[in-house]
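Read through the structure below, which is laid out as structure tokens, and then see the notes.
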Amino acid sequence: MSKHSTPQFILQRLLAAIPSAIGVIIVSFIMTRMLPGDPAAFFAGASATPEAIAQVQETLGLNKSWIEQFFIYIGELIRGNLGVSLTTGQTVIYDLVTRLPASLELTLAGVLFAFIIAVPLGILAALKPNSWLDHLSRFITTAGVSLPTFFTGLLLVYIFYFLLGIVPAPVGRLDLLSSPPEHFTGFYLLDSLIRGDFNLFVIAFQHLILPAITLGIFALAPLARITRASMITILGSDFIRLAKSNGLSPEKILFTYAFRNALLPIITTMGVVFSFLLGANILVEKVFAWPGIGSYAVEALINSDYAPVQGFVLTMAFLYIFLNLAIDILYGIIDPRAGF
Amino acid sequence: MKEMQPKTTQETLLAVDRLSVEFATRRGTVRALENVSFDLKAGEIVGIVGESGSGKSVLAFATMGILDRAGKITSGRILFDNIDLLQIKRSQLRQKRGKELSMIFQNPRAALNPIRKIGRQIEDVLQAHANLPPKQRRERVLELLSLVRISDPSRRYNAYPYELSGGMCQRVTIALALACSPRLAIADEPTTGLDVTTQAAVMDLIVDLAAQTHMATLLITHDLELAAQYCDRLVVMHAGHIVETAKTSDLFQHPRHPYTAKLIAATPDPEKDLAHLIPIPGNLPDLRGELPFCRFRDRCDRASSQCDTVPLERKLVGNNHQVACHNHF
Amino acid sequence: MNNILEVNNLKKFFPTQNRVFNGFGKKPPSHLLHAVDNVSFSLASGESLGLVGESGCGKSTLVRLITRLIDPTEGEIWFAGENIARIPAQKAARHGMRSQIQLVFQDPHDSLNPRFTAFDSIAEPLKRLGNISQSDRLQNRVEELADRVGLSQTLLTRFPHQISGGQKARVGIARAIALNPKLLILDEPTSALDVSVQAIILRLLADLRETLGMSYLFVSHDLNVVRLLCDRVVVMYLGKIVEMGNTNALFRQPLHPYTKALIAAIPHPNSRHSAVNLKGEPRSPIDPDPHVCRFYGRCFKEAKQCHQTMPLLQSKESDRFVACHFPEI
Amino acid sequence: MKRRDLFKTGTSFAAGFALAGALKGCGSPSGTEKAATTASTGDEEVILTVVQGGGFPNSLDLHRPGTNRPGYGSSWNLYDRLMTFDTKTRPDGSLSYDYTQLKPELAESWETEEGKSITFSLRKDAIFHDGKPVTANDVKWSFDRAVSVGGFPTFQMKAGALEKPEQFVVIDDYTFQVKLLRPDKLTAIDLAVPIPLIINSELVKEHITEDDPWGMEWVNNNDAGGGAFELESFEPGKKLVLTRFDDWKSGPLPQIEKVILLDVPEAGNRRALLEKGDVDINFSLSEKDTKELKETEKYAIVSTPIENCLYSVDLNTKEELTGKPNPFADVKVRQAVAYAMPYQAIFDTALYGEAVKQFDAKSTKVNSTEWPQPSPYKTDMEQAKASLSLSNYPDGFETTLAFDLGTKEWAEPLSVLIQESLAEIGIKVALEKVPSANFRSVLVEKSRPMIINNFGGWLNYPDYFFFYAYHGQDATFNGSSYQNPEMDKLIETALKSEPGKEDYEKSVQEFIQMAWDEVPRIPIVQPYLSIAMQKNIEGYQYWFHRQLDFRQLKKV
Amino acid sequence: MTISIRQTRYILQENTLTLVAFLMFLSLIFLAIFGNAIAPYDPLETNSAIALSPPSLQHWFGTDQLGRDILSRAIVATRLDLGIAIAAVFLSFFIGSILGVLAGYWGGWIDNIVGRAIDTIMAFPLFVLAMGIVAALGNTVENIIYATAIINLPLYARVIRSEVLIIKKAGYIEAAKLSGNGDWRIMARYLFPNALPVMMVHISLNMGWAILNAAGLSFIGLGVRPPTPEWGIMVAEGATYIISGEWWLAMFPGLSLMFAVFCFNLLGDGLRDSFDPRKKT
């Protein structure tokens, strides 16, 4: 079988993603135009006369036909212009660039939390399937995925902030007095370390705990489940038997042999979980006043603010495409068979 | 049939003594092995033959101490070099595995870690047992690869299992098994799934290397003909029992157990035509629940009431020829 | 004797895909795997023809071509006076030849719908192609078929997972003969079975051929088994026929080095070593060089000529064909 | 200056229109909440932190189209205007702005040439945040901008007869003149509202482009002001930080040195922040939180009835809606509904008693011009049934009640209670939640049979309220689309007159009476603007724009 | 064709958690059917006198801001929530299965078109897509169902497609062709039924997810209309009361929601285990 070079592979994957990207653009355009309410009526101000509204419509280009609007939109898109958010008053690009890192940081932290809890649980469960430990882990993770994130979030805030007071107030990424670190990655944890501001790191970390846990709890089940299943499969496979019969140490068998193989489906699931959480953190962002793109999109959607919704959807679509690409590449690194 | 110089010494290397293994399953306990005893002398090649479900592989796994979680050894001893493998510590057992006794699997491709270079896999074994500096370890790996007749070892060192053919993979697992020059290798259906022509080459390789290193070999196979070709002695299993053991030629010329006789009669060989191919009636009994003392009873045309009521004893019926049957030939 | 089946210059090339699975992705430009390459042979009415070769030699592809499950790249398949190669596989389900060519599958388990009872499976062709709609007639016919293949009627209501391998094989055979096909193709019908069951099935097949007057195309990698059932044998290697001839003659004196190796690989209690050991690895079937003998690289006879000219299948004596520059004559 | 004189003599309805519009929707506390870090005493910087939900300044430029209500608050503090309003003490002791009294801000003094011009003398010591002195050129540029950019700012300026750049004349660096197109008493007052803020024109001009002659892109996110506070950082939708401008000269230097305004969408979190002492002020309290926090007595809570504002149920009076006959066109139906309103339950459960009742008047006869004043309706199911039986719909009908999702905290329970109550007289109501942004469309379209409205006219006169809510011009806030020439006449009479005059008193009482009889809109309550502060916060004052003026706040 | 009773019993014995889930499932069904009859109070009846009273003997789950009995509301909500979930899951299962079977069995251009469509949906942040659909079409129960169905469609199409890709290689599919079955018959009688067990797992897991999805929509204000009792809305409304100490408003509907989702997840998990090919001996 022919092998392709990595750049070729990436290019090929990106090309393959074009149709769905076009699909996303069209669908999101139509979806936003179908939103009820007239943004012009809202933004012309309360006292606006019909003429004033009409004038705003014209400024916003809303009086043109959908088709015209669509081509104008595409034209702007090609020029890299995603428009201006009427709700925040900023360009959509600016909003996305400032808010995306917040969402990514939160989601990554959530996935990381889930990974740290779920994978060991899954491994333990796989080592002793059908033991009490297995059942307990299944119970816990299933309960986790059964909790609506907004409910979990509120509950955690109530318990850990309101009753116990051991976490900071749910007011976003930092407390009221801190200013964000200089922008390198947009991830406060990283940026604060880069700047060497350990205090700020702690503050950012404390603020990240509850939302990340809220999000992570939701991802425990799929990760623990896939870890357990793939570990059970791998542990029962012939090459583990062979490794045992060759007297390799249990640690070597568990980690170098079993876990690395089991990692492949886990990584796939991580990817699915990540893109799922990236969408699901909308509700978490709302609860924790997290200034991410999720809450941004909700606000825009409710206000029939087209440009941010479209920009958000596009961003997510591209994230999704790149995420899958990254996972395939990661897969290729771990599994030589995947090749390119 | 064949005349061979006895190349075995008389010391017993492996003695399995009244070994019983049970499996817990959803629908009850499977008594997979019951009072199984046999021994193996240093340098000897012994074949364990039987149809699927007869417990051959369980026996191999039990000996290696790598039974599934569901499986449990309920009684018996496994004496390797007069040490009971069931009594020693797990770490001690681990020390012996791969070093003194090792195993060759069926389906070699599945038996290799799919995402680790084969050279590294062999090195892992060396690392576990031989105190060699990395450079020598690598040399030893290359040496082993050429020993199992893999051409261009330094290139193959970096190959992944998926890049090799089935036959090649089996050579690698043989190299793995031989890495520390064990005294016993258990080959579990080593040729199943390989092409006919490759099968022969692999078997030749195993017996050649066994002879070279004076390694005892336990060949587990369902192929009577194959066992006959390569083994000094044969152990015939049926439904978790050993029904007969004998020197290969004795067994073929004078099978004493009805099952052995029928098995031979049912096996196609170049001299038989279809009319002489005699099927064995019935199926293997369900190993759950109540069983008669003789598990072949329901398929046997020599069965008597004794078979239900009197426990089976192994009888010596000739030179090194044992049979477990009340009404043997 | 007129020929029931005649295959002329049949070819099947598969495009090979890039390995990366990209969901619902497109196929990148590909290479061609020559699974069946210019194969011609014929099968006389009432004859039993063996088709032998190792895995990957194109046996299964050939079977799927003849049963019209897949479309050939090129070539003709004449069955009962019609070139059925022209019928698109999509349309074959409704074509008259469908009931005349039936297949017994290699894996009796895999070939039965897990959600159908034995009865359903056997009745399926009768309902679809046999125009038997009345339930009592259907019932009678299925029971008759069950009797014929020795399947207890009580098993007819069972699902595949509730019956043994041998019984599943019988269901598969009953289904295949339900419509009294003229040609029955047997694709390794016993390879998944134990020896004891294998004998039963082989005898059953021999009986059926006699009583129903079918022609057999018997595909197997096991020469021992082919010998028992077949009048003539075709040997394939990497998509090409390398030798063809009367069974006994072919066994007695294989002309092609590969056939020789195959026969030599049959385990033989009398010799500890195989007589012929093939070296190296098979050549790649993907875009093979049309001028190089497919066996080149493994052959013990190879010469420069073998690397320059593809040997053609030539008649050596009456009814003996071989494709080798240096046949053993 | 008598308050009525300011604008009463003019003919301008438009002025009031615009002002009222700017301030419509007498807010339940959906605006800002303020959070202040605890006890910053001693040498520490005095920091006030403000959390806000349900809207956050979306621009620093008040002239930009689409700048939202919270944006008034930020620009109020970042920028100065020429004049501002004085302060008065309300009967309950709380402070409020006093729009009868204008006082200097950037202008030291002004002279009015009746009907022709107003001439302002600017402070000579005032500087912008970047240190540039504030000159008459800046004032002119800013006013030019306000009348030129279109949209709401231009509209608002027009309300004071400020329409053309030519009206604004720079006499010298510190003297600025507004020429009047026509005599309009609203002109002066219109210069004290948020729109005519003074922008650092030199600074902005550095950032203008051909497409953007007024530098909107730049002012949107940057500080071009000279107000008491300057911008430290602005992250839209997250956080706004203001620091005191120590060189501010237009008034006493504020005590607060730093203000942090944060967006916290979750109401519960906002309350928790206050209760944990993490914030000083919870500005936009729900009625429930107001009540409960009052009960704790741990916080200073100020509730001010929002002037001239009502929560009401508007019944559409059009004969047909979307092609179908509209039951509410029948006055008997409207009266039935008015009697069927579960007023007290709404007051208790939906509003937690934190509002001023506008029902169950002592007398059925209107005898005062006070506004708002309670309607004579009270819950009386017998009357309701009787009334309905006299209508064309004696057995009831099905209809919908729409409300603004952004006000759901009180509007939803209110709607549910109404729904339940109306069901008793056979009117089946489906509830429709409309997202805030779209509720504006609902108001404009007037296609819903029944809506929950919360209109407030800024100018504290019944005639103004009625002009927008009942007049046949059918303004956006006439949620009932009520059209009655008689009513129009009465309203117009009152508008032309002034309080104390007989025709005024008479027509006001008459149109109120007419509103009760015809009930196109059923008043429920007059809402409060409530703010909860830690006890160490002082100086809170109610403003017509209903945003916080940080300049007045103190920490003790 | 379906799972036999014996098999069911077997699964249940095997796994106590699944048994528990099954009992939970039965009780949910019971509540959905008889909820209106057994609710102690009228779920819509307000009573301002007892608004916001904590759990008591009269009102086990307490009352809400309008004095409505939360227990009754939570019970009555079962039918709507399950209804939404079942309808949505059925819809996406139905359409997804057809698309998936066609794409998997025929491949080629159908596969490509279906694949692109699915990719497009997948590339959307699914919850936002659901929000957008509901916001655009209006927040009625039907639209919530459509939105939930659309965002779940890819899952079914993909799962069944990959299942079909495996099954179509099975010998019995070739056997079916040899028995004279046409493509449609093979899809309907061989591929689909054999993919069903795996789909059952997803249906069950998806049910839970559909409930959460509907609740999430309610939470951001795009759910069903008031005063219809629905768990998500009740949690969302109750959320504002948590901090002021009236925890029962959000807690009990939240727990009901969790109970239902938990039940379906456990059930799905149990089904997954029992259909696990590795467990078949």
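When the chains are written out, they are named A, B, C, D and E in that same order, and each has its own residue count from 1.
The rule is short, and it goes like this: a contact is a pair of C-beta atoms (placed from the backbone, for glycine too) under 8 Å apart; a residue touches a chain by one contact, two chains touch by 3 or more.
Only a predicted model underlies this, so the values are computations on that prediction, with no experimental measurement involved.
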Counting one step per pair of touching chains, how far is chain E from chain D at the shortest? 1
Any chain touching chain A and chain C at once appears in the list B, E
Would you kindly say which chain has the C-alpha centre located farthest from the C-alpha centre of chain B? D
For the chain pairs C-E and A-E, which is connected through the larger number of C-beta pairs in contact? A-E
Let me spell it out: compute each chain's centre from its C-alpha atoms, then which one is farthest from chain C's centre? D
So, what's the distance in Å between the C-alpha centres of chain D and chain B? 91
Distance-wise, how many Å sit between the C-alpha centres of chain A and chain D, to the nearest whole number? 39
Could you grab the centroid distance between chain B and chain E? Build each centroid from C-alpha atoms only and quote it in angstrom. 51
Multi-partner residues of chain A (each touching 2 or more other chains): 36, 154, 157, 162, 236, 286, 302, 337
Touching two or more other chains, which residues of chain C qualify? 25-26
Among the residues of chain D, pick out those that touch two or more other chains and give their numbers. 266, 268-269, 272, 275, 405, 435
Contacting residues of chain E [partner chain C, same complex]: 1, 103, 111-112, 114-116, 118-119, 158, 161, 170-172, 174-183, 185, 190, 193-194, 280
Under the touch definition given earlier, write down the residues of chain A that touch chain E in their complex. 17, 19-21, 23-24, 27-28, 31-32, 34-36, 135, 138-139, 142-143, 145-151, 154-155, 157-158, 162, 221, 225, 229, 232-233, 236, 275-276, 278-280, 282-283, 286, 294, 297-298, 301-302, 309, 312-313, 316-317, 320-321
Chain E residues touching chain D in their complex are 44-46, 48, 51, 65-67, 135, 139, 221, 225-227, 237, 239-244
Touching chain A in the complex, chain E uses residues 16-17, 116-117, 119-120, 122-129, 131-133, 135-138, 208, 212, 215-216, 219-221, 232, 235-236, 239, 242-243, 247, 250, 254, 257-259, 261-262, 265-266, 269, 276, 278
Touching residues of chain D toward chain A in the complex: what are they? 17-18, 20-22, 24-25, 35, 37, 47, 49, 51, 58-59, 61, 64-68, 150-152, 155, 220-221, 233, 235-239, 241, 260, 262-266, 268-269, 272-273, 275-276, 278-279, 405, 434-438, 440-441, 444, 476
